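Two complexes, one shared chain (chain A), two partners (chain B, chain C).
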Partner chain A sequence: MTTRAVARGVGIATLVLAAFAVEGLLRAGVINRFIVPLPSQVLAALPRIVVEEHVLARFGQTSLEVLWASLLLAAAGIPLGVMLHRYRIVRLACESWVGALAAAPIVLMYPLFLVIFGRSTTTIVMIGFAAGLAPVILKTLEGLAATRVVLQDVGRSFRLSNAQQFWKILLPAALPSVFVGLRLGLIFAMINIVGVEFLINFGGLGQLINELAERYDLPGMYGAILFVVAASILFFDVTERVERWLRPNT
Partner chain B sequence: MTAERALLAVEHITKKFAGRDGELTAVDDVSFDVAPGEFVAIIGPSGCGKSTLFNVIGGLLGGYEGRVSVAGERISGTHPSIGMVFQEESTFPWRTVQDNVAFPLEIAGMAKAERQERAAHFVALVGLTGFERRYPSELSGGMRQRVAIARTLASTPRILLMDEPFASLDEQTRVILGDKVLAIQQSLRQTTLLITHNLTEAVQLADRVLVMTYRPGRLKRVVDIALPHPRTPDVVESDAFGRYVAQIWHDLRDEANRGIEEAEALALRQGRRT
Partner chain C sequence: MAAAEHMSAHVRWLRIAIVAFVLIGWEALAMSGLLFRDVVPSLSAIVRALARALASGEFYGNLAVTLGEVGAALAIGGAAGLAAGIALGANRFLSWAYEPFLYYLGPTPKIIFFPVMIMWFGVASGSKIAMGTLSCFFPIVISAAAAMREIDPVLIRVGRSFRASPWQMATRIYLPAMRAPIVNGVRLGLGVAIIGTLLAETKLSNRGMGYLVIQAYATFDMPRMYALLIVLFVLSIGANALIGRLGLPHAPVQRS
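The block that comes next holds the complex of A and B.
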């Protein structure tokens, strides 16, 4: 059995054990059952939210929003990071602002986005994009700046053009850091996308969680949250596969 | 040797750097030639400007006085005739051994099939057949340095310029790798300039050893190594080998001592400032 398979098995076993522990603590009255439902009830609620609440369609919608936000993050965040690395004056002028953006509670600006884009999927995608942009820019910049000088010297010794130096050396060297940024951006985007869906009661899983919470359907609500986790795992897995494809042996 | 006959001519190179305590002369009026097929080693203590000279000749460092010529043609900047092997580990971790070696051929626009064939030839030349699909992280330090050498050789430079390529390796690997490099150099008749601080390595490999002074780096002495060719690994056991090492160490000892004393004095001064 490979190390990866063993690690996956240990991970799943840990989750199952944690679920059993929570179940036990709830049944023993240590955790309040009015706040946290029994894991067994959450599992039992899954078929119901699939059939009655159309959770798979909601999952698809949220995933599509996250996908759009991710594509926008890659399309804008990586070039912006490259620009900050390429032009020192821009980096000095903007780096701290971008850092501040990473800490800003973008989700609280949702009324402004509603005014600009209306109560639509575009608002949700754009908030996710804005929330995830800073880490993509900063980690791209960090990866490019950390490229070992000797690798760049190898490029210079082979008389690479600036474009070749970027595509053949700088970018491949920076890819692991770029993908860390993309994954961080993805987390920020997903949190904000589900949060805004919840807040404006529109769209996919966030809206469903809101509706189930208002109905005090705790098992159903936690079941829907499991689908958010599943979407997160799905996107993590996809980015890891793309990274391994672009840079084998990572 | 005249500059006209030399493949590589280094004439009156002086390189200064601006430092905190004023201008620092790293290399001062260094001149020498390397003939086609010759193996020349430059040896000196730490801080004698060896790596500065490497960067000047390789074209990575500008702003110097003097002139570097290849086959009589003055060069500035990097030049296709000069292939560089660096002291630090410099293989691309995202490329396999084969793709690392094929890198300069890919840059030159060679068709994939042809460059893979030529890369395989150079991989075999450095004794790494069977490791073509491996990544650098799966190789030892010595094997990675052989990949870097094969990559540079694949660009078919007229002059191979190496900056302490075995510095990070243990002594046994260093000697074995030195034999391998020498065998390759002799089979290709590759003109080679090696920068090193290792006495035995310089004598084991070179036809001529240029001894440099501590800062500012000047040429102190040129030692012709009249050991027979082809040199076998047994050469290190000969009396003549030991005599050459002792002779170069005699020249180098004072410089190395001066380097240590100045480094200690500098550390003391910096300690007082803080």
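The block that comes next holds the complex of A and C.
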């Protein structure tokens, strides 16, 4: 067994031991059971939240919102990145603004989106879209700008038109960076979508946690949080694998 | 040189044109009645609301609460993240054992932990500081661990050859060598600490900037809400840019 595998085992064992320690401290009355539920109760609550709280349907709803946001991100972010690359003066004028947008706390605008779109799926999707837009634009621009000059020269030597140069040279060369941007945008969108679901008590997984908290169902709430963490890990792992599959040479 | 100046002037004019287009478009939309009344208030109404907010003591009191919460969150989360990051970066075994958890939990939406934080720290500032701390811990610890691993081994050997104490190694070798990536981590951490704290304030609070925003929403005072969001965006982007400048390398010392 390699040292790395042993270390992984130690990490997982630490987690299990910590859960047992919390269970022991709760049963001994050192930690208040009205604040922290028994880990065994949390595990027991997992089947309940799957069956009674329809967690899989909620996961499907959140996934659908993320899918809509990702479609909007691809439809708007990539063309905007292409436009910034195509028109240098627009890029010089706007690139720093898009960078500032990436640093802005866009999710704080959710009350504004509530007023415009109502307490609906549209608000959630639009927040996800707005939060993920900047990285898609910036990474598309970065990928196009980093296209090797020799490739562009090859295109010119074949007397390709501007459209041919874009579809046959620039876009294929920029695809790896475009996918990095889409993945980042998807991650931002997913984080904000679950967050807004929780805040406005509407939608899928985020709403479930809010409802369970309001019902003071502590084991269920902790179980739902575990489910969201697991869903996030699965989501990031899948997007990473898709990115690697699309970029086999990197 | 002249061409560059020419281009710079064009860029400046384009920026002015874009801003003017957006402002005129906004005002036209406000006057058109296409959207519900007050959803897009006139620019003058927003400016008046901004002036009223900036002139009121209530605004500064709530701003101070939020700044205090974000500052405490950054101090606690930053110190914990830095210490844990240095420990993980210095020891490969610890890194293999525990860093995967950080990578898994790092991108999880932290706001879902808010009910837990309320249970643990109450409904006052404690739960908001805890939310900010939890949010900023992850980018800082991941940056610090990566920065620690990237320190040039030559620098470490130089420190050891001078028989530097652990404190001297930390303050003279490790921290200066890790400055740029750590500043980047703190910059990311500050951004998410602001978001975590303010979102917690919008969900359950009776003070702070997040509370003011949600109050403006609840009373449908749209000009005030736009004004508050503008202030928050300017402060967030400004703080981000300010910390980013700290990470820039110093100009090399000229030796005569």
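Here is the rule we go by: the second predicted complex is superposed on the first by the 168 of 250 C-alpha atoms of A that agree within 3 Å, B and C clash if a C-alpha of one lies under 4 Å from a C-alpha of the other, contacts with A are read in each partner's own complex, and residues count from 1 in each chain.
Here is the rule we go by: a residue touches a chain if its C-beta (ideal position, glycine included) is under 8 Å from a C-beta of that chain, and two chains touch if they have at least 3 such contacts.
Note that the coordinates shown come from a computational prediction; the quantities given were computed from them, not determined experimentally.
Undergrad: More chain A residues touched by chain B or by chain C?
TA: When the residues of chain A touched by each partner are counted, C comes out ahead.
Undergrad: Based on the superposed arrangement, let me know which partner A:64 touches: chain B (first), chain C (second), both, or neither?
TA: A:64 contacts neither chain B nor chain C.
Undergrad: Based on the superposed arrangement, let me know which partner A:93 touches: chain B (first), chain C (second), both, or neither?
TA: A:93 contacts chain C only, not chain B.
Undergrad: In the overlay, answer first, second, both or neither for which of chain B and chain C A:226 touches.
TA: Neither: A:226 stays clear of chain B and chain C.
Undergrad: One more residue to check, A:31. First (chain B), second (chain C), both or neither?
TA: A:31 contacts neither chain B nor chain C.
Undergrad: Which partner does A:236 reach: the first (chain B), the second (chain C), both, or neither?
TA: second
Undergrad: Just chain B (first), just chain C (second), both, or neither: which does A:172 touch?
TA: first
Undergrad: Who does A:22 touch here: chain B (first), chain C (second), both, or neither?
TA: Neither: A:22 stays clear of chain B and chain C.
Undergrad: Touching residues of chain A toward chain B in the complex: what are they?
TA: Of all residues in chain A, those touching chain B are 148, 150-151, 153-154, 156-160, 164, 168-169, 172-173, 175, 247-250.
Undergrad: Please name which positions on chain A make contact with chain C in the complex.
TA: Counting only chain A, the residues touching chain C are 3-4, 7-8, 10-11, 14-15, 35-36, 89-90, 92-94, 100, 103-105, 107-112, 114-116, 187, 190-192, 194-195, 198-199, 206, 209-210, 213, 218, 221-222, 225, 228-229, 232-233, 236.
Undergrad: Per the contact definition, I'd like the list of chain B residues that touch chain A in the complex.
TA: Residues in contact with chain A: 58-60, 78, 80, 82-84, 86, 88-90, 92-94, 103-104, 107, 135, 137, 152, 155.
Undergrad: So in the complex, which bits of chain C are touching chain A?
TA: My answer: residues 7, 10-11, 14-15, 18, 35-36, 39, 93-98, 100-101, 104-105, 107-109, 111-116, 118-120, 191, 194-195, 198-199, 202-203, 210, 213-214, 216-217, 220, 222, 225-226, 229, 232-233, 236-237, 240-241.
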